[in-house]
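Chain IDs A, B, C and D follow the sequence of writing; residue 1 opens each chain.
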Amino acid sequence: MPILHHLWIILALPLAGSAVNGLFGKRWSQPAVNSVAVGSVTLGLLSVFELVREFSQLSPDQLPFVGNYFTWMVAGPFRVDFALQVDQLTLVMLLVVSFVGWLIHIYSTGYMAHEGGYYRFFSYLNLFMFFMLTLVMAANLIVMFVGWEGVGLCSYLLIGFWFLKKSAADAGKKAFITTRIGDYGFTVGVLLTFATFGSIDFGTIFKSVASNPISETTLTAISILLFTGAVGKSAQLPLYVWLPDAMEGPTPVSALIHAATMVTAGVYMVARMNPLFSRAPMAMLVVAIVGAITAFYSATIGLLQTDIKRVLAYSTVSQLGYMFLACGVGSYSAGIFHLMTHAFFKALLFLAAGSVIHAVGGEQDMMKMGGLRQKIPITYWTMLIATLAIAGIPGFAGFFSKDEILEAAGAGPRANFLLWLLGIVGAGLTSFYMFRLIFLTFFGTPRYDEQHVHVHESPRNMTIPLTILAFCSIFGGWFAAPHLVGGTEYFQRFLAPVFSMYAPQPTTPQAASLAGNPESGMAHNPALELAHAILSWPVGVAIAGFLLAWWLYIRNPDAPKRLAASVRGLYSLVFHKYYVDEIYSALIVRPLLWISTNVFWHAIDEGLIDGVVNGSARAARAAGGRARELQSGNTRSYASWVLVGVLGFTVLLLALYLRGAQ
Amino acid sequence: MSVVPISYYLVLSGVLFGLGVIAFVYKRNVITIFMSIELMLNAVNLAFVTFARAHNQVDGLVFVFFVIVVAAAEAAVGLAVVIMLSQNRQSLSIERINHLKL
Amino acid sequence: MEFISQHPVLVASIIKIAVLLVLLMTALAYLTWLERKVIAHIQSRWGPYYVGAHGLLQPLADGLKFLFKEDIAPPVTDRLLYTLAPFIAFALALTAIALIPFGPPSVAFLHGQAVFSVADVGVSLLMVFAITSMGVYGVALAGWSSNSKYPLMGGLRSSAQMISYEVALTMSVVGVVLVAGTLNFNEIIGGQSGPFWHWNIFGIHQGGFPQIIGFLCYLTAAIAETNRVPFDLPEAETELVAGFHTEYSSFKFAMFFMAEYANMITVSCLATILFFGGWLSPFPDSWTWQEFLPGAGLVLLGIYCAYDTVTEMRGMARIQLAVVTLLCFGAGLICLLPAVAAVILGPFWFVTKILIILFFYIWMRGTLPRFRYDQLMSFGWKLLLPVSLANLVVTAAWLAFGWGKHG
Amino acid sequence: MSVPFLLFFVCGVLAVTGALLLIWAKEPIHSALSLVLVMVSLAVLYLLLGAPFIAAIQIIVYAGAIMVLFVFVIMLLNAGAEEHTDFSRLAKYIGLPLGVILIFWAAYWLLRSPAGGGGVTGGLIAGPDSTQRLSKQLFQQFLFPFEATSILILIAILGALVLARKQE
């Protein structure tokens, strides 16, 4: 089993690609850079497939399969191995990341074709793949943290890819700093974990938490601290503000990092640490609440955004909220499942949006689009599919995952009506703003000036990924289809071991069912369940949202303005994203800036530190002024000094010699 | 009194070395300073040979050999340098060549 | 007397030095006579003829002339060095000869002090080189201290030339040293004992490598060392009057003059020792009759002189030549005494060989034109040195791999 | 008063005189000659110490090559008496006294150093094997240093060439 015993290969490939492109790419032609970047990712994908094959031959007791490569650092009891592990969860993430990443690499070769810094872009992208894979394959918290910070770095680099554009550079900084706040919590969480369990190795932690009782408070603290990191990384309330601005980066970046993979790292982390979370109800509740509120809240913001990518960004935030909601109510598999499907359709949405932007020559404002349906059919259809998927229309991937989540929220062991309600409303809003997006973009009359912009379908290397992703957005959900619709819940059963291995005992039957033993659900009447599923609230609100959007933006397009006029206050409040950025800058940024300017910079740095430095320099100069008389540049005087030294040395030697003699 | 004490040779070499040092410090002409270096080397050689004889080992002589070789190399390069110096600045006085100063 | 018994070395050396000095002076004087004669005959002239029969008293006359000429010295000279230079040159030239063994060391007196060599140092070859290498000072200092431009240039030239060619000289000799495996003259000569094809120049015995190339290099370098034609640039009349000794006159000049000839003799001796088996006879020792060769030679010379006296000479000359004739006969008869003959054989061959080489010297002078200076330098560094080095390497390899060792 | 003892004294005195002359002489060429004097007398001392080979190369290389080079350069540069610049009081007021101190210091300590014990029977004729032993030592034990010095010489030659070349 080569790959399984050489997991590092999967990491090495993109890293090598990044290094090669970063070092030599500048001189090379685009095809060369492509072949390196895409080639490395392709090989990575293939090796992941091979890994899957080998993984299927492992017996359950071999799981999780850990490959320990070298001891990274040892300090007393603190020991970090560079260890990678594979289990079902990792495998899912690997597949999602490397598959979507692969598609997006291909897409980028088309999208970035006319951009400067081509090699730089792909070097960063490969680097991101490396760190993301590190993150998901990590076998302990520190290695995971490496990946965690690494993807943050790459996100920063790629958001600010057009660093000459101030807004882009600022967005990059914003993303970096905001996530840093979360990462601080994460770091503390890691330290606390080590303090508690004396190890940062997943296996050890889980075993010890499962075997010997740890005070719930500690676990809660750890969980919440780790969750803070997730909040930052996955753009949850209150740290979501960076994600919309991150749209300054190239669209493939938004698709890969800020929709499909990096932002879901938080969800993955929570799912990975499920043994801790499951034992900390408080933390679980916090996760669920944050998730639900974020889901609803950012959906509302999404309603009125006119920038196509920003709409998608807020939708991403909201979908992430759903995932956390799922985790919060204990249905990790649902969360991960939604993560996967979301990776498909949200990546698709972004890529399609990119294709649209590409088509209308870089315009991102939906108000300057419209009527693109016939001009760019492939983009239109794929985007429509994605929209249906995210809106939760039955039969599409999104339907199953979202349905799972809402069911867990409504009927799960940790069911909570308010959370469920928020979820439902959020779902409705989601479908509304997504269809609004579709209608504004593809229907109605063109609002761009058709003389200058000549709309064209994107090249094949962009449309093909779209098609593939569209395919996935339809069928991606099916192998998680519940019995209700004749599915086998394969996905849950596949992931079950990860979440049940260290699950707290005893678990309620529903929990067991959610953890995925299919028998429990079978009691009910299939037909009835089916009708219930089809006509269940999610579908209802989805259709409602669709109808509303249709009525507002197709039927009588001037309605929105009147509506906005009627509820001006609320409208402007939402339109300005609840002024959150302004509030933050007023409450945090400005004071911080003032303090750092006046205290740290002027007082401490200039006054104290520079004072010391300059003072020592001045002292040295003064001393030199005295000493330079000695340095006449006259060889004879130098010789005399040498002589002095020699004599002194001889005296010393003789003294020592005599000491020895006596 | 048919034997010459080792220490006489050593003293002679020491004195010669000291004179070489004095010459090095005192002389102003670059070439002469060079010569004083050679003088010191010679003094050291004398000591080497004396010890070689005293311990009846040829290693000392080998060292003398090497010293002479090095001296030759040094003279070759050094004199070339001196020539360049006197061509660039029409003086051989070490004190007119005080550009070791920063 | 007991002083003699106490310090045999000292006494013996003093005696030998005295004898050697006398002989050497005469040799030098008559070398000049020989040179002038040979050159003259090469140029189909008579050469010195009127001072004594065949100008035999010419050297004496010259010596007296030099002695009694006024010693003119330029006023602006560096007085000390100006006086020192010729003495250095002359003294060193003579000293070198003190190390040359003119005959077998077996012949001894006074507690076994070898007769035919003043000093027998372990590394006599190196010593000779050491002394000759100092010789350059005389020239250089003369050039410098004269404080005038031609001598300075002459001095510069000669010092440069001597340094350059000394390297080639030494290198060309190292081959012989390798073959002989020693630095001592007597041992070197001993290694060549036997018939003449055992000499190092042919070296066809005990795996020795023929040093013919080495000899050629040596000869060239030696001529350059002694500032002889065609390498006499330091004293190239046409270019810089008389080179380093332009400002010298009378006896100081004579000293330089003699120093030059003494050096010629020295290098000839070295050549003889290193390449031609020194005082060894070219014939196998079994031929006992060769002991009488010296005597016979002298007698023959006497007969020729007698004939010449009778037929050619008139007046004073006839008397003088008669004296010479008698001397020759006397010496020849003494040499024919068996006891003396055995002793005299070595020196005889040695002197003969030296005379041949010296003749070659003079012959060259009569034949060859002078080099240009850059030619001289490039010849020394670019041809002579590489060739001698190649000779050295080949010899070393030859000995190391034992080629040419029969069986 | 044996011959070697006499020789030692003569040569020692000559050497010291030469060194002093080196210091006193105003003309560089006089200094050079006095240095030659030192070297020659040292060579004789080497003979006395039974190292004829070293004595020979001392004269050949030092006196016969290096010093000739010095003289040559002096002649080339026509270096006259050294000019009376006296910028470095330090040299005069510290260097010289210290030098003198060094001399007596060295003399004193060497005289009563344990190495001073024992004597050397001087003989003009070396131990027969001295040169052979030296060469064996040189080419067997010290082979690498020997080669290294040859490289050094080569580099020195190159350096001299580079320095002496006409500056284009």
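As a working rule, contacts are C-beta pairs under 8 Å (C-beta built on N, C-alpha and C of every residue); 3 or more make two chains touch, one makes a residue touch a chain.
Small disclaimer: the values here were computed from a predicted structure and weren't measured.
When the C-beta contacts at C-D and at B-D are tallied, the pair with the greater total is B-D. Chain B has its Cα centroid nearest to the centroid of all protein Cα atoms in the structure.
With centres taken as mean Cα positions, chain D sits 31 Å from chain C.
For this pair, chain B with chain D, the centres built from the Cα atoms lie 6 Å apart. Chain centres here are Cα averages; for chain B and chain C they lie 36 Å apart. Taking each chain's centre as the average of its CA atoms, chain A and chain C sit 100 Å apart. Those residues of chain C in touch with two or more other chains do not exist in this structure. Among the residues of chain A, those in touch with two or more other chains are 632, 634, 636, 639-640, 643. With touch defined as above, residues shared between interfaces to two or more other chains in chain D number as follows: 53, 57, 65, 69, 74, 76, 87-88, 91, 95, 99, 102, 130. Interface note: chains touch in the pairs A-B, A-D, B-D, C-D.
The residues of chain C lying in touch with chain D in their complex are 7, 10, 78, 80-81, 120-123, 126-127, 129-131, 133-134, 136-137, 140-141, 143-144, 152, 155-156, 159-160, 162-163, 166, 170, 183. For chain B in complex with chain A, the residues that touch the partner chain are 21, 24-26, 28, 33, 94-95, 97-102.
Residues 1-12, 14-23, 25-29, 31-32, 34-36, 38-39, 42, 45-46, 49-54, 58-59, 61-62, 64-66, 68-77, 79-84, 86, 91-93, 95-96, 98 of chain B are the ones touching chain D in the complex. The touching residues of chain D, when paired with chain B in their complex, are 1-2, 4-5, 8, 12, 15-16, 19-20, 22-23, 28, 31-32, 35, 38-39, 42, 45-46, 48-51, 53-54, 57-58, 61-62, 65-67, 69-70, 73-74, 76-77, 79, 82-83, 85-88, 91-92, 95-96, 99-100, 102-103, 106-107, 110-111, 113, 115-122, 130, 133-134, 137-138, 142, 145, 149, 152-153, 155-157, 159-160, 163-164. Residues of chain A touching chain D in their complex: 632, 634, 636-637, 639-641, 643-644, 646-647, 650, 654.
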